[in-house]
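Got some structures for you, see below.
Shared chain: subunit A. Partners: subunit B in the first complex, subunit C in the second.
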Partner chain A sequence: MVINSRFFNRSELIGFIVLAAVLFVILPLSLDVFRLNLVAKYLTYAFVAIGLVLCWGYGGILSLGQGVFFGLGGYCMAMFLKLEASSVENTKIQSTPGIPDFMDWNQITSLPLFWQPFHSLSFTILAIILVPGLFALIIGTAMFKRRVGGTYFAIITQAVAAILTILIVGQQGYTGGINGMTDLRTLKGWDIRPDHAKVILYFVEVVLLFACIGIAQFIRLTKLGRILVAMREQEDRVRFSGYSVANFKIFAFCMAAIFAAIGGAMFALNVGFMSPSFVGIVPSIEMVIYTAVGGRMSIFGAVWGSILVNFAKTSLSESFPQLWLFGLGALFIAVVLAFPNGLSGIWADYVQPRIDRLFAARKPKPAAWTDDSVADGAPAE
Partner chain B sequence: MSDEANKGLLSPLRRKLLMGMAAVPAITMLPRASFAQAPATSAVNTTGLAVTDTEVTVGILHSATGTMAISETGSIEAEKLAIEQINATGGVLGRKIKFIQEDGASDWPTFAEKAKKLLVNDKVAAIMGCWTSASRKAVLPVMEQYNGMLYYPTFYEGLEQSKNVIYTGQEATQQILAGLNWIAKEKGAKSFFFIGSDYIWPRTSNKIARKHVENVLKGKVVGEEYYALGSTQFNSVINKIKLTKPDVIFTDVVGGSNVAFYKQLKAAGIDLSKQALLTISVTEDEIDGIGGENIAGAYACMKYFQSLDNPNNKTFVPAFKKLWGEKTVIGDVTQAAYLGPWLWKLTVEKAGSFDVDKIATASPGVEFKGAPEGYVRIHENHHLWSKTRVGRAKLDGQFELIYETADLVEPDPFPKGYQ
Partner chain C sequence: MLVGHQPKDFLLAVSGLTVSFDGFKAVNDLSFYVEENEIRVIIGPNGAGKTTVLDLICGKTKATSGSIQFRGKELTKMKENEIVQTGVGRKFQTPSVFEDLTVFENLEISFPRGRTVFGSLTFQRDQPVKQRVEEVAEMIFLKDKLDTYASELSHGQKQWLEIGMLLIQDPDLLMLDEPVAGMSVSERAKTAELLNRIIKNRSVLVIEHDMKFVEDIAHKVTVLHQGQILSEGTMEKVKNDPKVIEVYLGH
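Showing the complex of A and B:
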């Protein structure tokens, strides 16, 4: 086995293999391109959810504004794609050809300065990571250095989400307003709309997702991860031990922001669309729900949570167009009431013991892994 | 060019064939046989749409949940009524219409996802749907990529034209210009104050209205203000109105904001029987929420009012109420949504095929004489020729027809001189 047994313990290894098998082999073979593209859309939220596992599950920082970073990443990508779709030939019908259509509708006659760099793909990729990262750094520094945390922090992140939505909607000449940026077509001349492009984008996304899972797992296993958990459980003790709590929190928050931004950029590519409806309070809370359903202590759980909740959303709304929201609500209540640790809790309580027994029957050797007992400790509120 | 010439040769032939086929059941007087006599599926469906020998599937794509549900429910109801009526009279090319309803959930990307699902998975022959411009903009690339046919019911800002969309509502010039002309003439109005919600439709509409006021009517726009969607505080703009004393308040405030706006206007002592107010965004549906007593006296510029006195409307309104309840009201967009399935049926019969390409080319010139608004015809640019009407809101929430254009107004989505 290539994977270092210390990097994944046995249950995580099983989780990893199952997820990799499903995403790389089973889904692409069993779904048609339309459904596969939907899965790609669901997975964009999994990036956010992994970030939330780090920042909320481990660091104890509940952010109700991840939509902001998802949106920033998505808008950066969408701006690049929109510029490419607004070539002079494509926009001959406008009064000013060569600028995005929504600018033309809003009587803007030349490309605004902050749009100019988005002609370059390498700048765009940098911006997708740096813009949300820096923004998170500023918010994080402003909050955590002043020791604002817990509920107050959650409320402030909500406010930021609301402000950004209002800003995007209000500045429609520069952002496309409530319509968002639609009709994104090509990436460096490569059409992102046909079926084969969707399949390629799906695999690119899955590879990126596993890279993020790897980074998250790495952070979790290093000393840094232990400090995050310690901070969540007893912030003052960590501070008195000489650690700078604020810096660790800022780090976790920035990582979550960057993961969310990658998800947002993949969203713009896969769906061909970006709009303020992914930035606001409601989508941000939904992202927290995905994490909660999956189990906020589990990286793989978060991925499964994102896939399953969104799958439920799609299939319920296809079967019951008038009533599906009630069904979805009932599902959330049921999961939270019955399984407070989410799907990964179900796995750990019901499935894992059986597997362990199976292994134990073959190799009678006590499990030496104790990390879980620390990590899965009492939830911090 | 040669392509079109070929079609020109083929289509009358096909139409004659169809006419002959349509006559067969009439002679035998056997309704059952009529389905058996329908043209072969392989002939009318060459692109693999969901058409069988007895059925054809269409999609209905509106928000049944979320903030837009209140507006879009009327459209869903109208489309279902039209489909039911078409089925009762023999269907389309001898096939019953079956519909698949999807919920856009007031969320634009969901609209795009569901449109794609309807086209790719369900292979629907046409989609009746969308309401807001944002949802249409989201769906449009999907319709063009997968070559679907969308019947879009809402009055909208124009600046768009697609082979894959039939716009059954009015574009901005059709809705606005005649109304402004009328109020300028009737009320001697010279100064206008614009208030709108802050998004693309009000902004574009006001841009067109401003050009018309300034260049054609030689009047003046004394103020132009925008409020975020869902906004409920209009006191500052009402103060400005009191200061500038415009001859006409011209509004395109949408959705729930209307309720606050008209209540605050009334509370501020602006009496709509003395102060002229022209709205292009309030239909009978909105008055349901605003309350007739708050808006009585205001003028609305639409193409349809529930109170229209013509034979088509006199059968349409009772049929609608019979299906959806006595208390329902029918607004402009609801009527436009009702046109969708009918226009599609008529176009399919003209083209003699369900193929989207053939429907797109056959659409110009299709006329629907049974329209509740009177008579409509599809223009080359896929919009409808229709009349502009001005109505005055009454206490009971209905409009009284005050003025209508003598002729159908030509749709002009890219108006010259108004850009």
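Showing the complex of A and C:
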């Protein structure tokens, strides 16, 4: 009978093994620390993309404001790191030692109240999850309970992204303004800047990424995952099957926000600064493009989309800085028009059948696990 | 119209129901009562407000005034999903099934358990669920299609699937909006057979244009015209009502 008894079906298992091999073994062995650190930066967007797969791909809720949550997570982490970097010894040349340098430049003479709890790492970790989570809960409740959806919701998330950017830039005494929070040095006394620390942080990030992949995959396989798909197609039918559609949308939106925030926190750690240029409208739309290019219905596809688009961005903008934005726009249009399921769709339509045929040719009798994957009825990617 | 004490045996009591869209009264001071285990068919010309009445009962449209009592509970103040949970099921005119899910998954979502966010995260596909899904699938002639995606079903099969999705909810009041519209002759016959089987032990409110079908199943017929009741009673009575013949049956 139809039972999803296994966590991954065969093609997902292959996807999992390939991604794990590339991220854990191949890239660390083949890239220098500078390039590996770049990959770490790309992967922070993969967290956002995984969230968008749940929220947009499955739930049909297009958020063009994921930069908000990426930023909130990143700023929470950066505030902790900045406080640690602003010890009294480090800042004794300031007129008020012991507060972050940008506060001193803005004539602030004592640490603002909302900064105080960020002396604690445990509080910071909680805040990275809870601040964006609660913010998404508030936005989600306000919008979805009133049945605001589709384009209207997307526009409102854009507005929120714009507002938050303006707020951060405007309140530079509290936030570091347009420059953001720079010169982050240590985490609990451990220097995050040297090469060996970058390598360790890379692996920490990859482990967290796989944890998020696991959570997303778990959600996808529960009835909740199927309700998200159902909701995307026939919202009324779900409602008249006895479900509160708004609550499910809020859940998907909050999960996407939390994933994005974890990505943002890892960005602050790996890249060593956080600024409003990762919060606003443009980065938020870019995050949607990563997901669309990778395939909005595929968790692994979204990770690949983030890596590949960012890699292209780095290589192209190094040589043709003006061309990059046109390239990105063209890429998005091409994906939407020609390959609505992105790279993972291309894989499933063109590559997977060839592999299957290859397997079938080599083994006249189909192996046992091939049988299972036909019977288990999991939605095909 | 004000209705005082309701006898207890009415399952559904609609009284003084009015809804106006920008001044246009789609349903105007409508009152009718459905008893337990009654099969009521609503007929009437296009634009009479038939579908709007179902929309009002299931909460899709909010009433401007009036009341809808289901087992003594006021439905006009409830949300759609709460109305479903009190035992009202609704089938839409065009088949609305989840095309990207299999027949099994479609039916499973309608199974009345784990309807909260947390409940659906911890929902287990256990024996009672599987048994009930298979039972219903057999009833709606889709037993060998459990693993088929709903998008691959024919129009008639989609209609059956949606009826099955309602069946698995086990509602006390089943509302069907043109269940045989767009079906082939053989599908029509099968659907009539299916409906005759599933209407046992529950009340049913049906909108239908097919008069032969109406005659077959209706206990009582309500004729709507311009948002108001034109005539009500047995099929025999309604058929011979000169007002009904003039506005509806005559042409």
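Worth pointing out:
What we mean here is this: the second predicted complex is superposed on the first by the 335 of 381 C-alpha atoms of A that agree within 3 Å, B and C clash if a C-alpha of one lies under 4 Å from a C-alpha of the other, contacts with A are read in each partner's own complex, and residues count from 1 in each chain.
Rule of thumb we're sticking to: a residue touches a chain if its C-beta (ideal position, glycine included) is under 8 Å from a C-beta of that chain, and two chains touch if they have at least 3 such contacts.
A quick note: this is a predicted structure, and the numbers were derived from the prediction, not measured.
With the C-alpha superposition on subunit A as described, subunit C and subunit B fit side by side in the combined arrangement. When the two structures are aligned on the shared chain, A:248 is found in touch with subunit C, with no touch to subunit B.
Legend: residue contacts after superposition of the two complexes on their common chain; A:275 is shown touching subunit B, with no touch to subunit C. By the document's definition of touching, of the two partners only subunit C reaches A:240; subunit B does not.
Applying the stated contact rule after C-alpha superposition, one finds that A:222 touches subunit C and leaves subunit B untouched. Shared-chain residue A:105: touches subunit B; no touch with subunit C. Looking at the shared chain after the overlay, A:317 reaches subunit B, while subunit C stays out of its contact range. Computed from Cα centres after superposition, the angle at subunit A between subunit B and subunit C reads 140 degrees (steps of 10). By the touch criterion stated above, A:230 is placed in contact with subunit C alone, subunit B being left untouched. Judged by the touch definition given at the top, the superposed model places A:200 against neither subunit B nor subunit C. In the superposed model, A:330 makes contact with neither subunit B nor subunit C. Nowhere in the superposition do the C-alpha atoms of subunit B and subunit C come closer than 39 Å.
Subunit A has no residue lying at the interface with subunit B in one structure and with subunit C in the other. Listing the residues of subunit B that touch subunit A in their complex gives 64-65, 101-103, 105, 107-110, 112-114, 116-117, 120-121, 133-134, 137-138, 140-141, 145, 157, 159, 198-200, 203-204, 207, 228-229, 414, 419.
Against subunit C, in their complex, subunit A makes its touches with residues 1-4, 219, 222-224, 226-227, 229-230, 232-234, 236-245, 247-248, 251, 377, 379.
Put simply, subunit C touches subunit A in their complex at residues 58, 60, 79-81, 84-85, 89-90, 92, 96-102, 104-106, 108-110, 112, 114-117, 120-123, 125, 130, 146-147, 162, 165, 169. The part of subunit A that touches subunit B in the complex is made up of residues 32, 34, 38, 41, 93, 95, 102, 105-107, 166, 169-170, 172, 177-180, 182-183, 185, 193, 271-273, 275, 277-278, 314, 317-318, 321-322, 324-325.
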